[in-house]
């Protein structure tokens, strides 16, 4: 698929939780040549590389940026550091991949997007889930109209999670659901307002349980449940459409996506009055369920490929900086709603 | 358990969806003698009784109330008719069992509760789920403190449901979740406010998808998801506690209740500062799960027994009229919230 | 479907485990008028009928047979009594429905079949599972060729079962699987030999765990696992075909039948040698799974309908006495195999 | 746990399906220093190592054996080559780890065991599953007596599998189940005979579906179902004991092991006659289920650790050559049974 003349030199910054996954996938891709793994803690970087690697570990980010063999930088550090690290890379002329969320604030995100656009560089947000085969298929099903108009989206992402010091459960987990929502919805459908409810029953200092309700411009509703205190892991998204409804269960490898030809139909012939209408014309479909065969390609591998392709083809990646901004917009609005006990907060317009 | 000298005469009113279940269970109980099945459509009543029954079908409710062998009346008619039918029965000196919700409005419910209390008659609300062995066990676990302080409750009750003409999905399904919540919580824990979000994407004229968020007086959160448009049936409630968390899956007969010794613990020794605290003292339990053996007695059978016992013992039933009122209070507040786009609405005080 | 002029008079014999289900279903059918429930223990019969029934309980089987309003008799007594009770009924000119297994021995079964055929009376075996909507659909899928040639059938029917005094787990549970197998296979496919392995690890006096392996005339294999000692209940049958494979999970109401377009294909072009063939021409299909919408009609209700229809239409019922004989043939052969430590035992020819 | 002075030099032979997993795990272990990856196809070996490795790829096995820095050899080649490769390694004074099955025949396996014992070298069989945390726990539960005397073992290992050219499904998959059985059973319990039934419905040239029934010296029964044609993947083992029964579901990470306090109890007081006994004294336990918390350490990592520990401590590894021999014994007997249409074949005595 990707005709590579010469691999792109890449450096990964951050050898913490996510960095090792990037290291592994960039090494496996023929599009890239991994030059550096950079971390303030160079020993940690070395441990991630292991005892058999020819890749260089370093704590000297300036040296990485100065290396002309480095074409692109992948940033896997805490969100608060994204602005500085990514901005420096862009200013050094490097393409940039950033972990979600794009930045700590919407305003920071805007700075990154502007910088990249001015310089003609690729800025990509690693919305990993968008690159799973399942979400790819869901996007097709939604955008091709096979599900019909979208009626509701219900997403649950809960497990016994690492309670974080600096961010609440919403900023930790909901970016996944929000980036998926952003990815699958047709271009003319978008969230316009959000309300968030949360609780910190263990006294952690921030919400450990949160519920987000998004109002879409079509009258549809989207809802996200994120929770660090659940004893079991659930990762399920239901996408209800006028024609079909699908359930994505990311933890069921034997049947990740199930498409149900079931639903409620409401038809309204002209000749009868409004009152009788509701009574008489509700009908129910309870047809078959189809679980399509879906490949098992690792999402990060596809994400890395998309990063390479978008650089070479000088086009915006599927999950570009603007997609990252849209997610930040919702997160910030949701935080404001949380602060104001669930008040509905409007979103910035436009995809 | 129930020493019966002579059975109580009972009449069932309403031969629609739920009535036949009451007919079957009153017939199976030695505490009761079923005298009448009453429905405006006497043919329907006769069909419910079948071709081999000695029970009388009738459309004449006055005759039922005039029958001195009738000690109690069970009302399984639409909510809008509960007030009249139940009030007439109480005024005729009959004990009354009413389907959920107790009445169409809180005000109506108050009239029923007052009438029954003034006359010293039993008024019971058929919160059926409270009589399942699973919910009984959950109530024990919560109220005995085995779960520790309750942190969150998350309830999902969705399926491809009968879209109703007069009530929305919240009034149709959430009474189950709210009555269960009311039943299991310790006496000193109660909801103080509710916010509700809903959508009617199919144009049914009322919400077909709804999310309720309840704030408890302890800072805990409860959440209910009800949905008529889901292609699959889910009936799951998670009750998160400081010590343990349980999951009740009503559709998994092999493992309805699972109790997890998993959670996040936060301890705060005196000697260290507030800042360091959060960092250092979060710990995680990931212990065993226990699925207790739970009997399979039919809930309606236990409900009928409780009705008989409470009449004979001249005591309030477990789900008395006041429990029905508390549920109505939340439903009305949630409707107001829905009307005001999710605004938080306070509840009347007191259990 | 069933044009009834006048209902058939029916008597149920046996008020034990299964009898009450027959009583309920015959009462619900417009084709039948239930006249008697007969049991040696007349109090038990009365308890089954309950306190509101107009049906007569009796211990006097002769009186039942002498009643000219009784057209048919349904026998739900222990297998050892089937011969006498069913024979008496046939000789009294009554049509007969018998619980599985048809009789205690193949020889006894033959006597019943002959008696019914000589008298032109309907003899039906209550192979209940054959009347579930799921098995009906499976039969269609197999016999229409949609699955392709059948390669293997694997059936598991295990749970913590009532250890019986007189029969082993094979005679208790395997009749279900064997009658289903008999029902779904095309007319030209049949078992030709059986081997059985069992164990009685708790010292119950007969096998509590058993495995049956059936060799089919086509080279396919069928296998049945029955077990009284399993802590969980499993009722799963896999039917593997050349084109598709289906899994029936009777305990999963949301997805009882799943049809997989997955399998191994082996094609052998003429031009290449035998050695290379296997190497080169194995290919794998891993297509979609479809879970067809299947109704939820109670099997016993359909069984009762079939009994009535076959009597009125003077035709053999779907599960006639001969089907019962074929099941008995396999059970007897399997018992012999068990006795001889798993030796393969041939079956009588012919469907 | 493992006090390492200097890492052991290791060479992996075979860069096919399993070799890469060994490469990864030996690299991650501090006990070992990976020196070589050897494969007849040196390009394949190089591809497995990837473009960033300092490990040497080679096709020259003699050079590997001649390298004094190589203390041990791990053999991940087809079974037919195990004898030659392992024997050469042992003769060169290297410790040897061999993929399952130990060798192509029992006789070959004996030669390896003898060679290793004569030379005082470690010979270990990579029965990987024995090193999963789940199987480790099961072994404890069985051998500590917590389950009581073992009554039955039922193992299912089926999926759409790679149809092999040289070995049937039994030799491909059953070694897993047989090595686990060997690992978990108490020392005084052992299989004494086996019967096998199989089918090759697709004309692959060898059995694609097989059922093994093992008779244990205690009267208990063990059964293994292996199948290459199943559209879904199942890996479940049930271990039934006199006190408790456990189910291991390897594909359910949230609940791999479930221990049920359910079963049938049979007690026989002296004073009553044999006939009444069975009637009266069967009782049923249906107690709780416990799913113990079990860690998620990678099995291969533990296996590699055990290989290192056993070499350093000069002791037999948990799954030594003799364990490999016992598995081969059963496989050969099962093949003979298959050949003779399911005849029961006795096993060599002794663990």
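By letter and in written order, the chains are A, B, C and D; residue numbering begins at 1 in each of them.
Going forward, a residue touches a chain if its C-beta (ideal position, glycine included) is under 8 Å from a C-beta of that chain, and two chains touch if they have at least 3 such contacts.
What you see is a predicted model; the values in this text were computed from it and never measured.
Undergrad: Compare the contact pairs of B-C with those of each option in A-D, C-D or A-B, and report the one where over half match by residue number.
TA: So the equivalent interface, with over half the same contact pairs, is A-D.
Undergrad: Let me check something: if the centre of a chain is the mean of its CA atoms, which chain is farthest from chain B?
TA: Farthest from chain B by mean C-alpha position: D.
Undergrad: Round to the nearest whole Å and give the separation of the Cα centres of chain A and chain D.
TA: Here the centre of chain D sits 41 Å away from the centre of chain A.
Undergrad: How many angstrom lie between the centres of chain B and chain D, each centre taken as the mean Cα position?
TA: Measuring from centre to centre gives 52 Å for this pair.
Undergrad: Residues touching two or more other chains, restricted to chain A: which are they?
TA: 232, 262, 286, 289
Undergrad: Name, in rising order, each residue of chain C that touches chain A in their complex.
TA: Interface residues on the chain C side: 255, 261-262, 286-293.
Undergrad: Spell out the part of chain D that touches chain A in their complex, as residue ranges.
TA: Chain D residues touching chain A: 27-28, 33-34, 50-55, 232-233, 254.
Undergrad: Give every residue of chain C touching chain D within the complex, in rising order.
TA: Residue list for chain C touching chain D: 149, 151-152, 154, 160, 163, 165, 195, 197-205, 208-209, 211, 213, 218-221, 223, 225, 227-232, 238, 240, 242, 245, 247, 260, 262-266, 278-279, 282, 284, 286, 289, 341-344.
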